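Before anything else, here is the set of structures, which you'll find just below.
Shared chain: chain A. Partners: chain B in the first complex, chain C in the second.
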Partner chain A sequence: MLNENLGIFYALLGAALAAFLAGSGSAIGVGMGGRAAAGVLTEKPELFAKVLILQLLPGTQGIYGLLVAFVVLGKIGILNGTAPDAAKGLLFLAACLPIGVAGLVSAIHQGKASVAAISLLAKRPSSFGRAMLLPAMVETYAILALLVSLLTVSRL
Partner chain B sequence: MKDYIYEVARIRVMENSLLTRSDFDQLLAAPDHEAALAYLADKGWGGGAGTSDAESMLKAEEDATWDLMRELLGEGHELDILRLTRDYHNLKAAIKDLYASSGLAPERLYLEGGTIPPEEIRKAVEEKNFDRLPPAMQEAAVQAHQTLSRTGDGQLCDGIIDKAALDALTAAAQDAPDPVLTAYAVTTVVNADIRIALRAAAAGKNAAEISAMLAEAPDLDLNMLAEAAVGGKTNVAEYLKNTPYASLADALSRSMSAFECACDDLMIDRILPQKGEVIQMGPLAAYVIARETEIKSVRLLLTGLQNGLPREQIRESLRQCYG
Partner chain C sequence: MAIVPMQKMLICGAREEESSVMKALQRQGSFHLIPLKEEQLDAPEIRETLTRAEKRIQTAEQALKVLQQYEPEETGLLASLAGAEELSPEDWQARSGNTEAAVALAEEIIAKDRQINEANARAARAQVQAEGLIPWKKLGLPLDFTGTESTRAFIGALPGAWTEESIRTLLAENCPQMEAYSLELLAGDASQTPLVLVCLNEDAAGAEDILRKKGFARPLISSDKTPEDAISDVKFERASAITEAEELKAWMKTAAARRKELEFLCDDATLEAERLASFQKAGESRSAFFLEGYVPQAKAAALQKKLEDKYTVNVIVSEAEEDAPVLLQNNRLSAPTESVVESYGLPGKGEIDPTTIMSFFYYVLFGMMLSDAGYGLLMVIGCAVALKKFPKMAQSTKKMLTMFFWCGLSTTVWGFLFGSFFGDAIDVIAHTFFGVPAEKQILKALWFTPLNEPMRLLIFCFAIGLIHLFVGLGIKGHLLIREKRWKDFLGSVLGWFMLLFGLLMLLLPSDIYASIASAAVPIPLWLQTAGKYIALAGAVLVLLFAAWEKKIGLRLAMGAYELYGVTGWLSDVLSYSRLLALGLATGVIASVINTMAAMMGNGVLGTILFIIIFLIGHALNMAINLLGAYVHTNRLQFVEFFGKFYEAGGEAFEPLGTGNTKYYHMEEN
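Let's look at the complex of A and B:
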């Protein structure tokens, strides 16, 4: 019984870290983008739609973390599946770390890149395409981490 | 550490209204002073106050810059270093006005936008209550006031206050919240040191006396500068070639106005990297410096047009653009 509870604890800790770390990173990144967007919109309200897209770019990491957390919950007897033992619980925890950590770091840096892109848009409103591509590059590493976490959790 | 994301983003939009080289070309192509004023008014200069008076238009632009900074930074003192020299100018004006009883209107004597309201400085000087001034100013104020009363020598009075202003700038540069502000203080002090050294040498002062009049500046050996100044402008230019201010040497060899222009251009060169900064307060300081330099260029241009100077001569006096 203890072994089983410990397994659920580890797996839940993993799910919580995936959602919490990646979500926190997104909150920080989107918050930074929001402040930059507000600065631009004070002077140029007509850019609302474009800066909103740039602001939201760092928000995806939070969704990735949530997705991995849901898959874990669906496999450990919370939403579905069976309770894991302690060793398997630790494996779930390990599998959640890539999206948790990479999500946190990449969202913060994507937020900074979004702020810079919003500044670029403020200077040259016609450069929206290029401005969006720059922070989107950071997304690559969040997606790689998502793939590792998702594939590992699915196989457990 | 505080970040300035919102403020910098707003400044990025405002930078779009800075005048570019092509705007200055258009202004130079204007047939006369009035046409240039009309062009500026079309660009939004003067805040819709009309185009008849150039000084009112330029003052409106200066006020607009500082109003924006007040809006962005509230009661923050981050940019005080950029306003310090106005306080010392006002101190000088108050002491000399009290001595000479010029009867000039305050708006012609004092500069707005300092860290201390001009009327407060005037009151402190009138009542000889120098304790009302900030500690860094008190000693210079007392000394300048006594010197002027005793000798009647306005230049001596200026020298004391100018030195105090430069010392205050140097001290403020040590605690400046951003490297742009440090660069501003250092460039201002270097520019002033060179001008003071040359002026003092022309007035027949020796190297030791000149050296005592100068304020400390990084990478500038005051004794060597003073000795070079005794030998004339060419020697100072030669000395500068061996310092990080080598870019000023050629300009100094040409003329003092070319040197002033080179100092402002050096400052603009130093703030250019702020175009890539998005979080720290550097772009705010850079914007204020850019605006003040731009207003200086426009003032030179309008004065040149009004006095019928050749366009090429006016063009040479224009500063580098940040916009």
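Let's look at the complex of A and C:
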């Protein structure tokens, strides 16, 4: 009985880590972007749509975390599937770590890059394409982590 | 796939005609001026008119901003799609002559705006004064009353709440000699007690001393009228200030009816300023002027004829030089992605326009990342309706919407291939509301479901990536052959092709590949052996020719370093895994939304909740994934694809034209 619940506990812990670490990272990143964006908007309100996009760029990590968490929930009997034993629960936990940790760190740094991109846009509104691309480079590593987490979880 | 061929054009004519020639060129919009002389022309009269035009733009814009504040005009998304109003060149010319009224109007608007602000400030100040006077309202004396010949009056307030009793006690304790005095308390509150004390001159010093010790303060506002009169004065002033502001605001409403005049003034001055700025690029002698620039080949003859017919000018057309400005021209499918190429940079010397090849990959990659038929159809319908309904929208908006139209079409195709229509919405709705058993799948993937076979899709993504990269390398090969740089071609194109092809032949049948894709690709043994030698030969080519112009030792060292670039190829290919990740993200989140929406089950409440959650959830998911797909498609093009062959650095073809206006658009004739 205890062992059975332990399996779900580990798996849930994994899902929780994926959602809350990556989500926190995104919250921090988008928050930083938002402050910079608000500053720019005081002077140049016409840039609203563009700075909004730049602000949102670090928001994807939270979604990746949610994604992995949801796939896990769909496998361990919460939404679907069957309850895992303790060993398998630990496997789920391990599989969730990449997107959790890489999501947290990359979202924060992407947020910093977004802030820089927003100030670039403020000075040169025509260079939106480039400003958008610089923060997007950071996201690559969140995507790689998502891939590892997702492939592992869906195989378990 | 083309860069528009250019021709160089030199125009010279009499100075009297310079400004009308310039106007004609501007209306034609196909002449890209290049500065003819090193130093700036020192023509004070031009600089003066330029400053005047710029001042006009500024004034008109400021006046429009003021009007927007008092009489807002619709500036929604739809309004911005509607595009600028068309005006024929003749009408433009006619209206351009009498903009003086508009200038006066703009100046008046700005002045009246200042008056409104001043009136508002006066009203606010009066309000503050009135509030400060209210405690003294009952005082029958002027506030600056100081006493009669033999008495002193103290008008002011003590902090805190006092009663007449307590003040009398205070005075009796501290100034025992003071007997004849009059004390009156006015209505106070807990924070202060206003009072009037009248005493004999000889007692004044003592009384003042004790009052000051307790924090006695004179009123902030002084006046030679009684407070009641002062209050009514101030109130009158406030009322008149408010009326003045209201009257001015009413005037603003009537002025707003003439907004169009200001808009025209703004646009007309913009064109004038651009034209005048072009004068500074012209060359002039005492009686002649010279203009040098580029014209698209197809338009050169017509422009030449037009100018020579109408003016006494001499036009010389010659071959374009290598650094001619770049204008892209593509077919209808590819042209919308020109802006993507432009945002990276236009093709420089000896490069080709990569738009056509890129646009094909652009649509495919975008579709794979968004990969939901529902979202795709929404994009297709939304863009098509907007394009149909607002034919006059700005060119750049039109291009963008057309691009998203094609992206949406591709998204729809991929969505059906992967069996995703708003996620698994059709199945969820069927199960929840129509009692279809949960095992039965209605919308089946035409190809396969990514979440069930992620590895299969991952391999497919890598394959697409490899094709994309090979095409990029192929273009580089094409350019090198065109320039007959054979050794470069051997070292940096053919060598790599052979090396990578050989490695691929070795990888596909290997255990490593089998462990990822769960099945090795059977490659005949002879091809494997051939692959080994081809890879080896390719590596030798890279080693020898990557830096063939250097001396032998350095050449080999640099070749070896170049070989290390194989890790770059690996990371480039792996980068395409984002196609899978973003595609899955769209589908899974969409399913999450559907599951959440269906949680309340069948029934009235359940249906209502379903609709609400479904709409909000999918709107959000679509928005964030659209952004993701757009950003990462650009990244794959810019970093992975362009990195293989494209340097960019061309100068954009920016003719003197009528395209930079905001409110009106001059029709072409």
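Basically, the second predicted complex is superposed on the first by the 156 of 156 C-alpha atoms of A that agree within 3 Å, B and C clash if a C-alpha of one lies under 4 Å from a C-alpha of the other, contacts with A are read in each partner's own complex, and residues count from 1 in each chain.
By definition in this document, contacts are C-beta pairs under 8 Å (C-beta built on N, C-alpha and C of every residue); 3 or more make two chains touch, one makes a residue touch a chain.
Source: prediction; values computed, not measured.
Taken together through their common chain A, the two structures put chain B and chain C side by side without a clash. In the superposed model, A:Arg35 makes contact with chain B only, not with chain C. Contact with chain C, but none with chain B, is seen for A:Arg130 once the two complexes are overlaid on the shared chain.
With both structures placed on the common chain, the touch criterion links A:Ser119 to chain B but leaves chain C unconnected.
In the superposed model, more residues of chain A are touched by C than by the other of chain B and chain C.
By the touch criterion stated above, A:Lys44 is placed in contact with chain B alone, chain C being left untouched. With the two structures brought together on chain A, the opening angle seen from the C-alpha centre of chain A toward chain B and chain C is 50°, to the nearest 10. Looking at the shared chain after the overlay, A:Asn5 reaches neither chain B nor chain C. When the two complexes are overlaid on their common chain A, residue A:Leu66 makes contact with chain C while staying clear of chain B. The gap separating chain B from chain C at its narrowest, counted between C-alpha atoms of the superposed chains, is 7 angstrom. Residues of chain C touching chain A in their complex: 340, 343-344, 451, 454-455, 458, 574-575, 577-578, 580-582, 584-585, 588-589, 592, 595, 624, 627-628, 631-632, 634-635, 638-639.
On chain B, the positions that touch chain A within their shared complex are 5-16, 276, 278-279. By the touch criterion given at the top, residues 32, 35-40, 42-44, 112, 115-116, 118-119, 122-123 of chain A touch chain B in their complex.
By the touch criterion stated above, chain A contacts chain C in their complex at residues 53, 56-57, 59-60, 63-64, 66-67, 70-71, 79, 128-130, 132-133, 136-137, 139-140, 143-144, 146-147, 150-151, 154.
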